[in-house]
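Which chain is which? They are A, B, C and D, in the order written, and residues in each are numbered from 1.
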Amino acid sequence: MSHKFQNDYSVLASPRILEALSRYGQEENVPYGLDRHSAHAASLIKEKFGAPNGSVYFLSGGTQTNLVFLSAALKPFEAVISLGSGHINVHETGAVEGTGHKIVVVPGKEGKMYPEDIEKVMATHRDMHMVKPRLAYISNSTEIGTIYTRDELRALRECCDRHGLLLFIDGARLGSALTSKQNDVPPSLIGAVADGFYVGGTKNGLLFGEALVVNNPSIAEGFAYHIKNRGAMLAKGYAVGIQFEAAFEDGLYFELAEKTNRMADRLKEGLKRLGLPIMDSPTNQVFVTLPKGKAEAFIAAYGCELWEDQGEKMTIRFVTSFATEEKDVVELLDFASSLI
Amino acid sequence: MSHKFQNDYSVLASPRILEALSRYGQEENVPYGLDRHSAHAASLIKEKFGAPNGSVYFLSGGTQTNLVFLSAALKPFEAVISLGSGHINVHETGAVEGTGHKIVVVPGKEGKMYPEDIEKVMATHRDMHMVKPRLAYISNSTEIGTIYTRDELRALRECCDRHGLLLFIDGARLGSALTSKQNDVPPSLIGAVADGFYVGGTKNGLLFGEALVVNNPSIAEGFAYHIKNRGAMLAKGYAVGIQFEAAFEDGLYFELAEKTNRMADRLKEGLKRLGLPIMDSPTNQVFVTLPKGKAEAFIAAYGCELWEDQGEKMTIRFVTSFATEEKDVVELLDFASSLI
Amino acid sequence: MSHKFQNDYSVLASPRILEALSRYGQEENVPYGLDRHSAHAASLIKEKFGAPNGSVYFLSGGTQTNLVFLSAALKPFEAVISLGSGHINVHETGAVEGTGHKIVVVPGKEGKMYPEDIEKVMATHRDMHMVKPRLAYISNSTEIGTIYTRDELRALRECCDRHGLLLFIDGARLGSALTSKQNDVPPSLIGAVADGFYVGGTKNGLLFGEALVVNNPSIAEGFAYHIKNRGAMLAKGYAVGIQFEAAFEDGLYFELAEKTNRMADRLKEGLKRLGLPIMDSPTNQVFVTLPKGKAEAFIAAYGCELWEDQGEKMTIRFVTSFATEEKDVVELLDFASSLI
Amino acid sequence: MSHKFQNDYSVLASPRILEALSRYGQEENVPYGLDRHSAHAASLIKEKFGAPNGSVYFLSGGTQTNLVFLSAALKPFEAVISLGSGHINVHETGAVEGTGHKIVVVPGKEGKMYPEDIEKVMATHRDMHMVKPRLAYISNSTEIGTIYTRDELRALRECCDRHGLLLFIDGARLGSALTSKQNDVPPSLIGAVADGFYVGGTKNGLLFGEALVVNNPSIAEGFAYHIKNRGAMLAKGYAVGIQFEAAFEDGLYFELAEKTNRMADRLKEGLKRLGLPIMDSPTNQVFVTLPKGKAEAFIAAYGCELWEDQGEKMTIRFVTSFATEEKDVVELLDFASSLI
């Protein structure tokens, strides 16, 4: 059977992550994330991402991480600003609203939020009859695979400061963003601009788990209670701590992301060479718009996702992962070639 | 360093579980629990626990599983009946209340709920000024390691039927309960009496994960949406599916539980032989009441938990797990012997 | 001081409502809405609005009524479909999200929702990663004073039926809608098409209170518990029951609404005669777009609301109420005349 | 028909309250509690109750007021300490849990909470697996009509300070408490010890409404947004403001309470003279334990509440109100006399 290009979480884990789990498989560890592996992983992450005063918590998935952080950061009447296409707004089954908070939607451009988006929200939310916007939520890489530049992140931070807003970065695919050839954001800038962010494991070769960095002390108070209250405290926290330790003690995390991007770049080049109209995206999501029949052939053969149905044409999405190999890309390109 | 007797989730996983994860480590699987391993595990669990019409979902931890099920089963004004000592009432940081529901507390006896507990609640909750009790929550084994008999479970079911109540069984330690030497409950009775229950993995040798069986069709509708809404949907659902498949395809689950109980029995016999006053508990939690100084020595050496501080005396708890070996018990007993 | 045209809830109550309250001021009544006045008012409302099997509850305000009904009708992962301009979406400070539910926004036309709006939502909400739309929320009259026709309401009902959706009508200004000269909806159609609706008192001359009709038996079960759980149960329910009894036993409710509309019509005619560009709106909200300076003069003199700031021009809103008199309209028109 | 002694909210309002409403019945007022009457009433209340820096909000009922304040004061994982008999714990249909917070129950004595109750809770709630107690909730008068002394309130405040806890006083019957013959608490002490409290109108002769005083600036921030978010913002806030202005500008509030207590005292003396075993209660709730048959005769004739059913005996409760007259008490005592 062919390798699928459906997403970046269809293969369990990098062999090196599985080895780490086996290595410590019979070791006794303190539960609830208070173990030495979690502590070590936390300090590696804080150093790498420029968050010396942050607190790191290991959770089991992205939706959970978003809802845990946002519900800790906001009062009942406070709202999140997000792009309409934001993961929390579309693909989390109302999890943020489930904790009681409205998401105020802005248009953005190319999947990214800009200060002008925030300014417009703040100009119209002026009294107690509307929610009080309190936090800007962005993803890097974004839902359509684009990435923020250094200047864009700084401008957002300044805008948030002007309005007393918090800034949260959903880093489900942070590895892919920061190892993109087009990236100019150093990891340490993430900690410098965000009140909270997470470093995604599930979509970057870990068996499961996300590392949430609570980077604003006023939110960190009592945070472990909050995690437990939301059902997100892992008894075997060290199961995730061991993985992030392995991912960050020798650069594995970025190696996996870099390889993922490399495969996506190979794929984009190949598709371009075949004359297919691919959307410009610098990370591991590749969007192509094709006539309906051809799009459906790709979907059938490679499980890639139908992103947008425009009737006669369809935009489909290919995703590469740590487990995508050169030969898989070659096979897909052969298939594409035969299809045209 | 000595083996700790602090709890049953301090060691990552049974080697056979880790092997299963490695075996399928590079296989491609459909995400969100829609894979073949999860389907296979679900059918094994439904068969074993007498729930042919149940729906099985794999979640990441016990508190999460409890809150997901209870918040799906209850309307906003409906309440849960639980023992005061119930896990949801004491040790889940208000997670059930966090989803909006009151827990109505009953005393029970020896850690177990009886029909008379329920009758008293129903007699006093008669109008719209009080919550409407709608579900009885019990654990098997209980918080103090006791287990329900066949007749007790049936009597609870009948009582619930009389009052239009749902019955939920928290099976964080269901393996230990059903393999206890004193147990007379066949696994299939669980599915026969419960509207919902879970089969605990975290505390029985799995790396992580609980198998929730939604056994009442009126609650099952839209349940996957509900799981996602609560942040509990695992992208790599197959990571838990693979483990439960391994646990139930050849009896591993009960083997691990049986060994855990055997080690606890060895420990209880040994302590008894030393003349120590142990509480009668037929599963893997062993409670002993000792003079303060001796209790503290045990806590320091074996990480066992202070269960109740009565001033001059202390009740401490030893827990065995799949990873406890004969030699660990022997060492602990030697220490106990030297202490007396 | 001039009569203000800011809104329809700036004057306490119609003298006839105050008389009714005084008449029963020292009478003993059963609390919690179980009194004879509430029962009588409920039966009058059910008859008038074609809801023979509905249950009527008297609540204290519109936002409360909306959140009480919606949170009773929806499971945690279910969502409301509303216009972007919908009261629940803009002017209730996130109260619906506060009970855990996402509002899915549709554009509509002229302040009204159409089946095509619903169709588009249903076409894109197809799996468990997105919320499950379950209820369409509309207002009559709408936020911009427009009203639904008989055919439009029936078409919405049919569309809801096709998709298994509930339909809720926010009737904060239902009186004004149903007594508009352009209205072709008989009151009984409201009960025929809606699973729930409320008949607004606060904005139609009552001291306070809304009559919520729960018209779908599956939602009505346990509803009084739900009201209390949300803090919306009035101890002196009869305080609202007496008012609605007075409003419906001899036609006062529609008399007040009809007069309100008449004053608005007088105002619209007068403004039109002065050549001012008024938006076509058949109820008691009158929208005019004026040069900034003139708009601000009106705001200063009559407290009318700035509806939309387009820079050089501003749209402002005048609202008439039961307390608006001919002379007030004449005075406003004189002012308008002098301004031009 | 006889005057009922069922509760203190069966008669609409004191004639003087109704007069005030009529007096301002056709006056135009700014909505949402921003009117001059509400401002005046707020300043009278702040002065009377020693809360110069408090913020006053007028809400529609007691359960609503409790849930609004508590949900604003607490983070998701924080809990309320309350007596088991506390109104929020028994008679509010889980409204506090409905906002996500656990109520930790303490026994107290004679309906009152003592520092030792709090100390025990704080001693057992020591880690993130249990909720974090954050606020002590008491009522004055209590559920069984007892009242706090000056020293008791001060001792509670000190205890709360020691543990970083907030103190909230439910004043549904604060008038009755502070005008009791046994009372030694000056009104100004309420503001001196409480982070929040409310002055009850519904149970003290107002048509409806409670005055919530948010007395801790850290909770007051954004409070109006919070009220609206909970559906508790009254469009015609001045409807309550006018009543509290009338109640506090010339002492009416305490006059009504004092009369209520006087009637209760008359009743207690009379019942005592008849040799009936009445519970000692210094406010307007009178508890008597009688043989079942006699208790039931009282219930049938006077609508008084069955408080506790002990089988052969029953404790019943008589409540006096602003509307109870001497002749009503005489009639009841005649009935009692004839019954014995």
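Just so we're on the same page, a residue touches a chain if its C-beta (ideal position, glycine included) is under 8 Å from a C-beta of that chain, and two chains touch if they have at least 3 such contacts.
Bear in mind the structure is a predicted one, so any value in this text is a computation, not a measurement.
For the pairs A-C and C-D, the count of C-beta pairs in contact is higher at C-D.
Relative to subunit B, the chain whose mean Cα position lies farthest away is C.
Distance between subunit A and subunit C, defined via averaged C-alpha coordinates, is recorded as 42 Å. Annotation: 33 Å between the Cα-based centres of subunit C and subunit D. In subunit C, the positions touching at least two other chains are 76-77, 92-94, 98, 128-129, 131, 225, 228-230, 233.
Across the complex, subunit C is touched by residues 1, 3-4, 7, 9-13, 15, 18, 21-22, 24-31, 60-68, 92-95, 98, 202-203, 207-208, 225, 228-236, 238-239, 242, 323 of subunit D. If you check the complex, the residues on subunit C that touch subunit B are 32, 71-72, 75-78, 128-129, 131-132, 222, 224-230, 233. Against subunit C, the residues of subunit A that register as touching in their complex are 76-77, 79, 90-94, 97-103, 105, 128-131.
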